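The chains carry the letters A, B and C, assigned in the order they are written, with residues numbered from 1 in each.
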């Protein structure tokens, strides 16, 4: 496989120099690889959100993309740094559950623990493995260094799991959780389109205490300021206020009940 | 024309995965095109601000740049997706007024409606045409696919217009509006340098209720903490407090009156 | 030297079009140079923070990198625009102290004042030299234009100095300052690892009024919510609350006293 693109996803933000330094390290090792930011604003330490985002984004990238995913509250402790090879991609991340949701849907070729110090920075800091471990390993992998040289084999049973996204189906309702809300205040839930009954577009529904006419197609199906539910661009149920902020109406720990007649 | 650069301008922010997914889609179609972010922090749904920014920025980019501009409150409704070809550039945007201010100053070669489904994503979401329509079409255009293949001819009379920027000239004053304020709290007004009297640098002026000595050249013409008016880097009148925030002194809906003796 | 990468560091933020326009200008002059953002969120006008960040980041970038550093409160006044050539890099910045901390550790080959108008924008605004002076000069330098063509020789004695980072060493303590706090609320101090006593990891310490057991290796050495001090990824003493915000506990002007028995 020819790896020509590296995608970065972290909770480092863009205000500090962390992401810039990672890009410098990669450029130093392989000036020919392209680097794309998926996002650096995962909620700090929110490993599950990172996993959800990754699961719903990787397919938009070309075959031969290396994903470097760093949301890493236990950096510098004993937790392993791992790399999962699938048919089309490489995924590098701390072994903390971040890659769980991928395992459910991708065929795994090989998993390694990144432990060959030759492919670490000369001095590895205790608090920034994004730069000193992952960017270095990713850079070398993009240059064609083999996975087996970067580290040793790692058994899939040792890959840490995040808690599953909560979805419970009942006769006339589905209950899910809020995964996160986006820049517009739109709420992304754990309820997938496939969790809804067939012909869901014809149902009259309620979301928690709010009566809604139906599941809409898009924002402009309601008036400015009105609440709507719709299937978002990642195929999960989302809740929005047209040109407003639905996130002001729901506490993040609230469970979302979609009820129909 | 050889299209080698794609510029993105949206109101999607960088905190979410929207922009990252668009870049993935483009990379998948044409790994050789360069992608530059103009900004992703247009005020949400503010089509006029996007138009103003674009009109004052496109000329800094090289011939053969494709601009993908997505501020799109009516996404998924009937509104068309259009592409305007000028002598040097392509501009893709929803047909909602975003491209109005360009029409005033650029010679248009051709306008199309992006309606050839072959150059859309396989499945087009209802809420994210930035990824499923515009990034795909832009990617193919950068690969050399002809405009006529992407969509059908679209009459210029059907291109939606945004309200003009308000500027009124009087004997001893000009009245304009606040277009937006920037990261520093500096206020960008709709009053262009050309709207001012000749030798404007010699005038004693007032801005609304504030007495100012004159229109300054730059921030350091006044003391730290003092208010100043100056011609900004886009050639519009701007108002700042040196190392402070002018945006705290004016409500965004206030009209700006520049008065001289 | 072949200059293949330009690194940008500014206080312009990413919300406005300033950085996008700079990238357009560079792309127009040299479409083959790679541009990497170090950060654009230096605290507005904080020249010392920019200098500190640069000093601790440049080494992560490859030989032949051009750094364009614009934190420029006196833009448009008489202050010079300079370029410092070292063995491996070029550094462009306003002559306002931003490059001070580099001078202490890099061997300088040559310094010029960027004053050849041929390598400025055709029209130079008074308030945006990032675009009209630095991006243009950097673009041409990356194309192989010689330093001597960009401007005239500038004596090192004329390079403005920022105030040194405050560090005072005593028998049983070191006193430093807060340089800035990062996205996570972690505090970066001016106290370098080398300012600490040997075997500092065995000391019992206090930070101001807070009793700490010792200088930790990493966040997970303490419980969630607990305060810790550690040597950060730039080798300076940092203070954090695990998965919390240390910056809420210290006012930014506070001096940091690290005291041991």
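Definition applied: a residue touches a chain if its C-beta (ideal position, glycine included) is under 8 Å from a C-beta of that chain, and two chains touch if they have at least 3 such contacts.
Since the structure is predicted, the reported quantities are computational estimates derived from the model, not experimental observations.
Fitting subunit A to subunit C on CA positions gives a rotation angle of 120°, reported to the nearest 5. Interface residue usage between subunit A and subunit B, two copies of one sequence, is largely distinct: under half of the residue numbers at the contact are used by both copies. Averaging Cα coordinates per chain places subunit A and subunit B 31 Å apart.
Among all residues of subunit C, those that touch two or more other chains are 14. Residues 12-21, 23-25, 27-28, 31, 44-45, 73-77, 125-128, 131-132 of subunit C touch subunit B in their complex. Of all the residues in subunit B, the ones that touch subunit C in their complex are 4-5, 7, 9, 14, 34, 36-41, 53, 56-57, 60-62, 65, 182-184, 217-220, 230-233, 238, 243.
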